[in-house]
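Look for subunit A in each of the two complexes below; its partner is subunit B in the first and subunit C in the second.
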Partner chain A sequence: MEKSTARLGWLFASPYLIYSLIFFLFPLLWATYLAFTNWNLISPDYEFVGISNFIEAFFSESVRAAFFVTYKFLGMFVPIAVVGALMLAMIIHTLPRFKGLFSVAFFLPYLASGVASAIVVNGVLSYNSPFNIWLRGTFGLDIDWLGSSILAPLIIALMMAWKFAGYYALLFVAGLESIPKDIYEAAEIDGAVGFKKFWYVTLPMLYPSFYTVTILAVGLMFGIFTEPYVLTGGGPDLATHTWQLEIYSQAFERLNAGYGTAIAVINSIVTFGSILVFRKILEKWGARHGWE
Partner chain B sequence: MNAITNLEGENKMKKLCFVLLLMISGLIVSGCQSDSGGGEGSSDGKVEFEFWAAPNPTQEAFWEDMAQQYMEEEDGVSINVTPMPESPSSEAGIQSAIAAGNAPAISENISRGFAAQLAASSAIVPFNEFEGYEKLIQERQMEETMSSWTFTDDQQFVLPVYSNPMLFAWRTDILAELGFDEAPRTYDEVLKAGEKLKEKYPEKFLWSRADLVKPTWHARWFDFFMLYNAASDGNNFVEDNKLVADNEAAVETFKFFSQMAEGDMLLTREATDPFESGDSIMMDIGPWTFSYWDEKFPEMVEGETYELTMPPVPSEEGTENPKTFADTKGLSIYASATKEQQQAAFDFVNWVFSKPENDLEWFEKTNLPPARDDLATNDAFTEFLEENSELKKYADNIPNAVPPIASEKTAEVQELIGTEGLNPVVKGEKDAEQAWEDVRNAIDGVLE
Partner chain C sequence: MPDMAGNNKFKLTCLYILAFGVLILMIAPYIYMVLGSFAAWDQVDRKIIPTEFTLRSYEWLFFGGEGANARPWMRSFFNSIFVSTTSAVLMIVTALFVSYSLAKLKFKGNRVINNVILFQMFYPAVILLIPLFLIIRYFGMYDTYWAMILPKAVNLWAIFMYTNFFRGLPDELIEAAKIDGASQWKIVWKIVLPMSKSITTIIFLFVFMERWVELLWDMIVVNSEDMLTLNVLLAQMFGPYGGYPGPMYAASVLLTLPILILFIIFSKNFKKGMQFVLK
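And now, the complex of A and B:
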C-alpha cells in the first residue's frame, strides 16, 4: 500500500515535474551549452569557443555594472517592499470589515502592466509635468529625476515596491491571521503591550511569511527588465543597467546569443548564491526565535 | 476480502495512472509541436505561406487587404497575414522565430542594419535572384532609392516599402516673435535663433531630446545621422565593414551639438509634447506625427505654427539639396521557407508593387511615404499630396534620404557613437575633436 501511495504521489507531481523538465531543466542545460559557443541565434553555423564568453563577461564594464546595480536595487527595494507590505498587512488585518475588498485593492498594482506604469511615471516626472512645474515654481527645485544616478534607481525601486507590496501584503495577512490569539494573551499577562507586543510576538511569529516574502523579493531583483528598459534604458551611466538589460542587449540587439547566454548563466549563479546567503541569514534569525 | 479490495484498488490506480500518463503525453506532444516555418507549404495544390506584417494596425490592414485581393486573382496561393510578435521588439521576435524554426516566408518591418545581420547568417535570401526583380524595380520607379540600399556584395536583401526622409519641424510662430521670417538652414542661423530664444524666453529650449544623453543605439538615427548625413552630403559611414565616415563632417556635427549644449539650448530630459507646448522650437519629425497632431493638437498648422525643413548644414554651400536620414523599412524573404513559398512570396510582392494605386492605398492608410523615386511627380499621388501638404516635403526628399548603415555591427557602432561621442559632447565632458577621435578608435576596434 505504501508503495502504491508513493507511486500515486509521483504521478500527481509528474505534470509539474515534466513541465519543469521541459521548460526549466532542458533550457538550462541547453543554455549552459550555448554559453560555450559563439552562436548568434539565427545562423545555422556556430563554433565552440571554450570559456572565452565567460572571460569576456568577467572583464566587461556593463556586466560589472549589472552585478552592482542589482545589489543597489536590492538594498533599496527589499526594505521598502517588505516594510510597505507589512504595514499594508497590519492595516488590512486590523480592519473590522471589508478585508477582502482592501486586499484586492492593494493587490491591483501587481496586475498593472510594467510598460504602462513606467509610461505613467515617465509622464509624472517629465520636465514639463504639473508636478515639476510646481516644484520649480514654488521651491525653485529643478530635479532631473531620471537623469540622476542616485534618483533613477530609487524611482525604479519605489515603482516596483508599489507594484509588489500589495502582493507581499497578502502573504503577511495570511501569516497574521495564523498567529494564535492565546500567544498575545500570554504576552499581555507578561506585560507586553503596544509596540513590544508587535516586536516580541508579531514579528517573530511572522517568520514564515518574512522568509517567503524576502526570498521572493531578492529573486525578483535579479530579473528586472521592463521598468529600466522603458524609463532609463539602463542609464544614466549604467546606473540602472540590470542583468536582463545586458542579456537582452547582447542576445537580441547585437546578436551575440552565445555571449548573452554566458551572462545569463553567470546571472543564474549569482542569483542562486545570493538567495542562498539570504536564506542562511533568515534561517539564523528564525532559529533565534524558535523556528527550526 | 482485504486482499481482493487491495487488488481492485491497485487495478484502479493502474488505470488512473495510464489515463493520466496519456493526458500528459498528449499535452507534451501538442505543446512541443512546432510549425515547419514559412507556413504550411503546399496543400490541395495551393502554396500557403505566412506573411508577418509590422505590429501596427494600419500596416496590418493594408497587407490583409492586399493578400485578400491577390488570393481572389490567384487561386493557387493562400497567404496568412499576421502581425509579427514584439517580444519586446519585432527584431527579437523574428530572431526567436528563426531560432525556433517558426519564421514566416516573408515579413516587413526590416531595417537595413537588421537585414545585414540576417544576411550575414544566411537567414534571408536576396531579392535580386528572383526572376522579375529588375522589372519590379523599374515598374515601381525605385532605381535611385534602391541604389542606396545595395549591400556590399551587390545583393538586395530588402525591398523597401516606405522611406521617411526625417525632417526638422520649427515653431515658426515663436521664430516670428524672435524676429525670424523663416526657419534656420545653417548651423550659424540655428545658433543665432537659439541665442535669441534664450534671451527672450530663458526657460524655453531650442531642441528637446532626452535621447541625446542616452546610449540607445537606434536613437542615433534621429539625431547624429540626420545631421551627419546633411553635413557630409550623404557620405557613407561604414562600408565593407570599415569605417569610411567623413571626418570633417563628423567633427562639425559634434561641434554643433557642443555649441547648442553650451548655450543651454538642449533639453535632455524627458518632456511631454515639448514642441507642441512651445517649450522647444525645433523637433526631429516623421510623418507619423501628423495623425497624432490632428487628434490632439489641431492648432498645429503648417505655415501658421510650424514649418518643415531638411536638417541644417554647417555652411551656406550645402543648403541647396541637403541629405538626411531615411527612416525606412522593407520586406525580406526568409531562407527557411521552401523555394515554392519564397517564389510565391516574391510573386505576391511583385503584384502589390506593380500598381501605383496599391502604393497610394498604403500612403493613405499609413501616412508613410512609399519608397518610390517618383512619389512627388507621379499623377497617382498628386491629389493625395495636395490634400496632405505636410507630406509633400517628405515625398520631395525621398531621393535625398540615406538609409541606415548596412553592417551586422550596426548596434555596436551606433552605441559607440553615443557613448564615446554624442553623450559626452552634450554633457560637456569632451570636445568635438576628442569625441570623434574616440568614436573612430572604438568603432575600428569593433569592426576589426
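And now, the complex of A and C:
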C-alpha cells in the first residue's frame, strides 16, 4: 500500500519533473556554457571564448544603460505603485458599501495587455496627438512626452503603475482587514485621530503587505519588455532600454547568441542580488519596528 | 448631534465622489480605446472625444484590411484563443496532479521538490530564453503551436497555489473515498477538483491572462504570419499601421475582450479565490 502510494506520487509529479528537466535544468546548464562561447545562433561552428563576453558586456554602453535604466524604473515605479495601491486600498476599505464593485473596477487595468495600453498611450501622448495640440494651443506647452529621456521612462512607469496598482491594492485591503479593531480603540483613547491614526497605527500595522507589494514591484522591474518594446523601442538615447530589450536585440536581432546569453547571466545575477538586498533592507526595517 | 451626522454624510459623499473619480481614471484608457475603435477615421487620434462613428475599423479587422495592409487578424485571434486555452488547461491539469501528489501523497522527495519549486519560481527566467529557443528549434517545433504551448504547459505558480490549498483539505475525506474503493485518479477528478472550484477559476484566469499577453516568447518562436498571436501581430503592426490608428484600436479591443469576458464569468468566484491567492 505504502509503496504503491509512493509510486503514484512520483507518477502524478512526473509532468513537473519532466518539464523541469527539459525546460529548466537543461537550458540552465546550456546557458551557462553558451555564455562562454561566441556562437551566432546559425553557424555550426563556434569557439570557446572564456570570459571575453562578460568583459565586452561590462564595457558595453547598452548593457550599462540596461543596468541603470532598471533602477531608474524602480525608483519611479515602486513609490508610485505602492502609494497609489495604498490609496486605492484605503478607498475600498473605508467605503461602507460597493466595496466589491470598486475593488473589481480598480482591478480592471490588470487585464490589459501591455501592447494595447502602449497603443492608447501613444495615441494620447504622441507629439501630434489632439491632447498635445491642445496643450500647445492653450498653454503654449510644447512637450515631446515620448521623445524626452526623463519623461519617457516616467510614462512607462506610470503605465505599469496603472496596470498593477489595483492588484497590489487587493493585497493592502487584505492587510487592512487583518488589523485588529482594538488597536484602533486603544489608539483613540490615547488621542490619535484622523491622519495621526493612519500614520502611527495603520501604516506600521500594514508592514507585511508593504513587504509583499514592494518585493513584487521590485521583481517586476527586472523583467520589463512589452511596454518599452512597443512604445519607445528602448529610446530615446537608451533611456528606456531594459535588460530584456538588450538580451532580445543581441540574441535575436544581431544573432549574438553567446554574448546575449552572457548578458542574461549577468542580468539574472543582478536581479537576484538586487532583490536580496531589498529584502534584507525591508526585513531590517521591519525587525526594528517589532516585525519578525 | 444632527450636526455630526451631517458632517459624516458630507464626508461620505466626498469619499464616493473621490472613489468614482479614481474609477473613471482607471478605466479612461479603455474608454479611449473603445471610442477610437468606433470613431470615424478622420477623427481617430485627431479629436479627444470623437463625434462621428463608423464600423469601418472593425470591418477592416474582420476582413483583414485593404491592399498591402491586409493581415490575418482573425487568424491571429484564433491562434491566441487556441494557444492560451490549451496552455491554460494543461497548466491546470498538470498542476492539479502534481500538487495533489505533493500535498497528499507522502513520498520521499516531495519536500525537496517543494523547495526546488520555490527556488525556480524566484529564479529570473530570462536566462533560459536563448537555450529554450534552441531546444524548440532542435525538436523541429519552431513556428508551430507546440513551441507556444509545450514550454508553457506547466506553471510553477499554479502548482504552488494548489499545493497550499490542498494541504488545507481534510485527509479524512480522501481516506473515506479510498475506503469506498475510489482510485487516486478518481479522487482528484471527483472530489478534489470540485472542492477547489473558486481557487481553480482564479488560477485559470491568471495563467490564461499571463499566456494571452505573452509577447517576447511568442515573438521569438514563431515566424510565419499565419502563426502569430494577436498580441504579437498587434505589436508588429504598431509602426506599419501608423496611418491607420482606427484598426489598431479595434484590434486592442479585440485583444482585451476575451480576458474581460472571462473575468466577468469568473467574478462570482473572484473574491473567495483572491482571498486565498493573496494570503
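A few remarks follow.
Simple rule for what comes next: the second predicted complex is superposed on the first by the 260 of 292 C-alpha atoms of A that agree within 3 Å, B and C clash if a C-alpha of one lies under 4 Å from a C-alpha of the other, contacts with A are read in each partner's own complex, and residues count from 1 in each chain.
In this section, a residue touches a chain if its C-beta (ideal position, glycine included) is under 8 Å from a C-beta of that chain, and two chains touch if they have at least 3 such contacts.
Just so it is clear, the model here is predicted, and its values are computed rather than measured.
Applying the stated contact rule after C-alpha superposition, one finds that A:Ser129 touches each of subunit B and subunit C. In the superposition on chain A, A:Gly235 contacts subunit B only, with no contact to subunit C.
In the overlay built on the shared chain, the residue A:Thr261 is in contact with subunit C alone; subunit B does not reach it. Touch criterion met: A:Phe252 reaches subunit B and subunit C at once. Of the two partner chains placed by the overlay, subunit B and subunit C both lie in contact with A:Leu8.
When both complexes are overlaid on chain A, the residue A:Leu28 reaches subunit C alone and has no touch with subunit B.
Judged by the touch definition given at the top, the superposed model places A:Asp144 against subunit B, while subunit C stays out of reach.
In the superposed pair of complexes, A:Tyr16 makes contact with subunit C only, with no contact to subunit B.
When the two complexes are overlaid, the chain among subunit B and subunit C that reaches more residues of subunit A is C. Residue overlap on subunit A between its contacts with subunit B in one complex and with subunit C in the other: 8, 11, 15, 22, 122-123, 126, 129, 226, 229, 248, 252, 257. Listing the residues of subunit A that touch subunit C in their complex gives 5-6, 8-13, 15-17, 19-20, 22-24, 26-28, 30-31, 34, 87-88, 91, 94-96, 100, 102, 104-106, 108-109, 111-124, 126, 129-131, 134, 162, 166, 170-171, 174, 219, 222-223, 225-226, 229-230, 243-244, 247-248, 251-252, 257, 260-261, 264-265, 267-268, 271-272, 275.
Per the touch definition, subunit A reaches subunit B in the complex via residues 1, 4, 7-8, 11, 14-15, 18, 22, 40-44, 122-123, 125-129, 144, 146-147, 226, 229, 232-236, 248-249, 252-255, 257.
Residues 12, 15-16, 18-19, 22-23, 26-27, 29-30, 32-33, 36, 44-48, 94, 97-98, 100-102, 105-110, 113, 116-117, 120, 122-135, 151, 153-154, 159, 184, 209, 212-213, 215-216, 220, 231, 234-235, 238, 245, 248-249, 252, 255-256, 259-260, 263, 267, 270-271, 274-275, 278-279 of subunit C are the ones touching subunit A in the complex. The touching residues of subunit B, counted against subunit A in their complex, run 6, 9-10, 13, 16-17, 20-21, 24, 27-28, 31-32, 88-89, 91-92, 95-96, 98-99, 117-118, 120-123, 208, 213-217, 267-272, 274, 277, 279, 408-409, 411-412.
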